[in-house]
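Two complexes follow with chain A in common, the first pairing it with chain B and the second with chain C.
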Partner chain A sequence: MPDSVEDANPRRADRALTAAPTDGVRDEAITPASITLALPRAVDAARPADIPAGRADQAAKQVALRFDRVSKWYGPVIGLNQVTLELRSGITGLVGHNGAGKSTLLRLAAGQIRPDLGAVHIAGRHAWTAAAKRHLGYCPEHDTFYEDWSGRRFLEGMAQLCGYSRAQARERTDNTLQLVGMRDRADRPLAGYSKGMRQRIKLAQALLHDPELLLLDEPLSGIDPIGRRESIALFRELAERGKCLLISSHELEELEKLTDHVAIMAAGRIAAVGTLPQIRAVLDGHPLTIRIACDQNQRLAGALWQLDHIVAIERDHDSLLVRSRNPHGFFQKVTELAITLPLEIHHLETLDERAHDVLDYLLGGRRG
Partner chain B sequence: MTSSLLHYRAWHGPWRKPLWSVWPIARVALGMLLRRKLFWALYGFALLLFLMFFFGSFLLDWAETQLAAAPIQIGRLKTDPQRTVSFLRRGIRVLNGSQDTFAYFFSYQGAMVLIVLAFAGAVLVGNDFTFRSVGFYLAKPIQPRHWIMGKCLAVAAVVHLLTTLPALVLFAQHGMSDFDYVLDVDYFTANNLGRGPAGWQLALGIVGYGMALAVVLSIMLVTAASWLRRTMPLLLLWVSLFLFMRVLASILVDGLQYDGRWRLLDLWNTLGLVGHACLGFQHRNIGNPPQPEFWEAAVTLSGVCVACLILLKMRTRDVPIVR
Partner chain C sequence: MSSESLVDSAPSPWRAWTNLVLLSLRRQARAHWLVWVSVGLLALSAFIVHINTSRGRWTMGHFRSPRRSGITFEQRLVQVKLAGQVPWSPEARGVHFATTAAWATVTHITSALPRFSNWIVFFLFATFLLPLWTLSFATEALGREREAQTLIWTLVRPIPRPAIYLAKYLALLPWCLAFNLGGLFLLCWLGGEPGRTAFTLYWPAALWGTLAFAALFHLMGASLRRAGIVALLYAFFLETVAGNLPGNFKRLSISFYMRCLMFEHGQDYGIGPERPWIYLPVSDTTAWLVLAGATAALLVAGMVVFSRSEYLDVR
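Let's turn to the complex of A and B:
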């Protein structure tokens, strides 16, 4: 068992309420007691650094999807509660436990259902209008098609609904099939497709008309590892083109590979929006745990203990487990100490900054 | 898949208006239906009725001439030539290409239409909800009304395939002189075949009757199938609407001597009234009196259509989550 040197000083017990907010995140947004306050407009962090300047920057300025105090009831049950959200270009992961309202949010964004209160806009237009849907590609979770049709025929039909003539639809279908790697298998009946192939066809139908906003509900489920890698690369490429992707997924590891920008949902509300470090940084009730090992562990522990934001220091074999409410300040101090003492640091890692941890802390371990 | 987006480029061409999506939706629905063997079996059965009308007039013409030349005797049983000729002439009146011919044709063929639609509703419309394909449709740049129009167009096409199209073929057949198929100009100008218009007016009446059937039945079927989805509940509803209500109306009007307007409950009779109006029938010549006025029938059907459209709007306002 690690030795605990947790401070009993009551002064430190108050610190959870006084942690400074990180840039782009409002301080009232996430508190352990109430996780239901939204954190809007932390979206630019999602934009990959290597987006081509011209088109991508222009796209980034434009709000692709806006939820303005949207509520939706299913009879007496509230599906979405006063959600405000803005997304621009880049990839945003939509996470939350089952029943949190992810599908409702996606369906509202896709114009499939209408809000009871508030408004949903795509590129400045009401989401359920045909003009808004020109900018939208929706890939639902379910994959039920006309089973005796071929993938190509299904896509051609969908392309014509997008406003292409028959000849254009044929050409567009062909190009999109090539994009999702299904060109050689497109003439088989859909009934014989594997789960992964069906996912690709679904993705293709969403991409047919080159939409600026892509809503993808569990797009990686059922796809083999190679297919996943390809899909992730495709999503990144699309984001680099300035497109806005909102991806709902339970595959947190895969989602983390795609983006660290997430919208976390709980009980019909957006609990938090931002990058994982931003969200993690304001989880005051759960100080960040850092494992650090150096040649003078005891001296380091003593120096760190002088800092206000250090909640606990434990010894774990040859390393220290430090719990800090201000990770930024911690790393700054460690750098200073490494130079002044001096220290030879062998190991330094954060232990609970992953999406899983953030979700567990934020949703109280109720992640679905 | 990700090597490049070389072939996948942004679309800069013009988009067609959402109204253009109506036909692809209808074509997809029809494609689903026309793949079913059951549909072709029912269609073939319905065509038997058409063939009866098509060849019936020739047969009766031929029988009448034969009867005059040599009375029929089967064994010891002799027929009364006068009664037989009278029977044949009554039959010929139904098959002589007059408005009666088409009123009967639509009436009989319509019964087949009802059966076909009861079976086809699930395929044409219900499956979109059952299998949630409607979600794919409505995520495209169209409005729910375009989906409704597409589905109604598909149902209307089935109705026309079974009624208007064969009726027009029948009209064309009567427009020819008997067996030599030379255009019989008199048929298009004469007004003495029945108790109403002939010629092109009659052709327009046929189209009008077909359109009335197509519009009302398509809206009703799309509404019913979007709520009920499965074949069996649809059949039950269809039977209730067109059979039970017919019996009820008959009991009320013929049995209990209620006002003739109670016949408006019988939607098939109401549809027939509008159809008869299209064919140019005088109200006094409509069978099975008392009957409501033509305009009352038209108003009733309009009300039914409006109610159905409201229900459809409710159904497609939110894409339902169904499993």
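Let's turn to the complex of A and C:
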């Protein structure tokens, strides 16, 4: 893993933030020293008809959350170490093992703690200020409410704390309850809510004032499969509207369904930011396992074994499992062989490009 | 989930703040153990006052002279009255009449207010009940929300932190004032005539004392994790014990200035510290200035502390 993993160079960050396509890793000139990678943009093609295009585009251009060389200590323990990060619209997953600094990062972003060094800005305003909180929706991991209140009353109260009149608060509460699928169940006392219902109410309170930035800490935890699907659909829709979502989750499989763009944290630092394939691509030193099947497996194995970057070749039923330290070189060579030998390739699959594997590698096997 | 667009309307910071005051006021209504302790103490105090009133113990009628072994002042008065049956000369009868009247007045009337004031208002209410009742609400305004992890819902709203602190203070005040002034009123009402006079004399001092104590305990709630316990220790050691010590150390206690205000208001009724040369009271102007100044200073300090504090226990 490179020594310095986050990218503090604003020019490079800008390019990555605005230009890089999510699947264009192999065309990008990414060096191992710059692991801060491309962020996904709002998906313009999937933008709903009722969302004005200009609004979503404008939102996409604005930096919703900026960490500028932020460090945070808890006494002698460092919680966050020189983190630089910019998020615009789209969904970013925040992953890392316990103690990696995820909670510190989220709490700094939510303006609940202040950096000892550096600055955190939400939509250009210092995260600690009330002005920044107008642009922030925060969904904490813990779900303690005013338990004697109903979900509806709680949300109305929260909307009123955002500065809305009673009538406006009622209307916003109604709309938001509809959005999170809780409209018909919101009048019961919160104390009787299931974990999934509490998650929805937590999410609803973050959406009440229609903020640009949403910080969601484990938002899928405790939600049933149908609820997860609905939540994921909602998150995608919000991203399409131009919202910026930073989602911390241990549920990497769910996160992968939601976004392939992640910020991986380790030891108080952002170890990598980008799409999973992008992150994977810069890990040239880490062998990639590829399953390949063709009409001449033995011949292909012999040809591949001549390459320096091939670490191992195993036979697995009708296919080969090849471990390569240079994925780029491997794919180029396979293309050449397919033409020159020639080979009829039936199957080609990279096996460990999933978040778990990347995270395992980055965190030295201590996945959180 | 459907995708309805949310209503478009301009939120108002002022409305957000007033809503916070109202919401906090409602949340403060949730009685917790300290409030129940306060209610219990009020009931106990009311019972004691009622018993004393029904037995006529606010006067000096039951005092004995010599102490413990002698007859009571009431019995002495009866003896004096009986002595009036003797056929004195008109001059002697006049002197006897004046003596009896003075004796009766001191025994039955003028001693009641100072005694009620000393025992119930100065000793029980001002140094013990008022601080305790105030802290039961004031430390909980923020402390309880921190413990219950619900403070986060306020902290992530677009309201400046000093304004949140001030809103919480304003929301706890009605409860503190209602409990303190209501409690004083109840005790005074049960105390009969001297009690009713005492209430008209002392409620302004109780009001100022409540404001200052509430500001102090609210600050403790914002800055300390176990504010309730610390405030209890403070109320007992600094206000109750140190507040009655001779010398200038008691000038650090809020109840000292509150009692000075009470002494000034009761001056016309001969009410004051038992040993003024030891108590060293200050003038009512000084006492009022200190109480008002302390309230303002503690509020500002609390706003600064709250606006700079990172509540790591709030997640």
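Here is the rule we use: the second predicted complex is superposed on the first by the 290 of 368 C-alpha atoms of A that agree within 3 Å, B and C clash if a C-alpha of one lies under 4 Å from a C-alpha of the other, contacts with A are read in each partner's own complex, and residues count from 1 in each chain.
The working rule: a contact is a pair of C-beta atoms (placed from the backbone, for glycine too) under 8 Å apart; a residue touches a chain by one contact, two chains touch by 3 or more.
What you see is a predicted model; the values in this text were computed from it and never measured.
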Side-by-side fit of chain B and chain C on chain A, or clash: clash
Touching partner for A:126 - first (chain B), second (chain C), both, neither: neither
Contacts of A:188 with chain B and chain C, given as first, second, both or neither: neither
Which of chain B and chain C A:250 touches, first, second, both or neither: neither
Touched partner set for A:157, first chain B, second chain C, both or neither: both
On chain A, positions contacted by chain B and by chain C: 107, 110-114, 129-131, 133-134, 136, 138, 140, 142, 144-146, 148, 157-158, 160-165, 168, 172, 175-176, 178-181, 205, 207, 209-210, 230-231, 233-234, 237
Chain B residues touching chain A - in the complex, by the definition given at the top: 1-2, 5, 7-11, 13, 15-18, 20-21, 24-25, 27-28, 32, 35, 131-133, 135-143, 146, 317-319
Residue numbers on chain A that touch chain C, as the complex places them: 48, 50, 74, 103, 107, 110-114, 129-131, 133-134, 136, 138, 140-142, 144-146, 148, 157-158, 160-165, 168, 171-172, 175-176, 178-181, 205, 207-210, 230-231, 233-234, 237
Contacting residues of chain C [partner chain A, same complex]: 1-7, 9, 11-16, 19-20, 23, 27, 30, 148-150, 152-161, 163, 310-312, 314-315
Chain B-facing residues of chain A, complex: 107, 110-114, 128-131, 133-134, 136-138, 140, 142, 144-146, 148, 157-158, 160-165, 168, 172, 174-176, 178-181, 200, 205-207, 209-210, 227, 230-231, 233-234, 237-238, 241
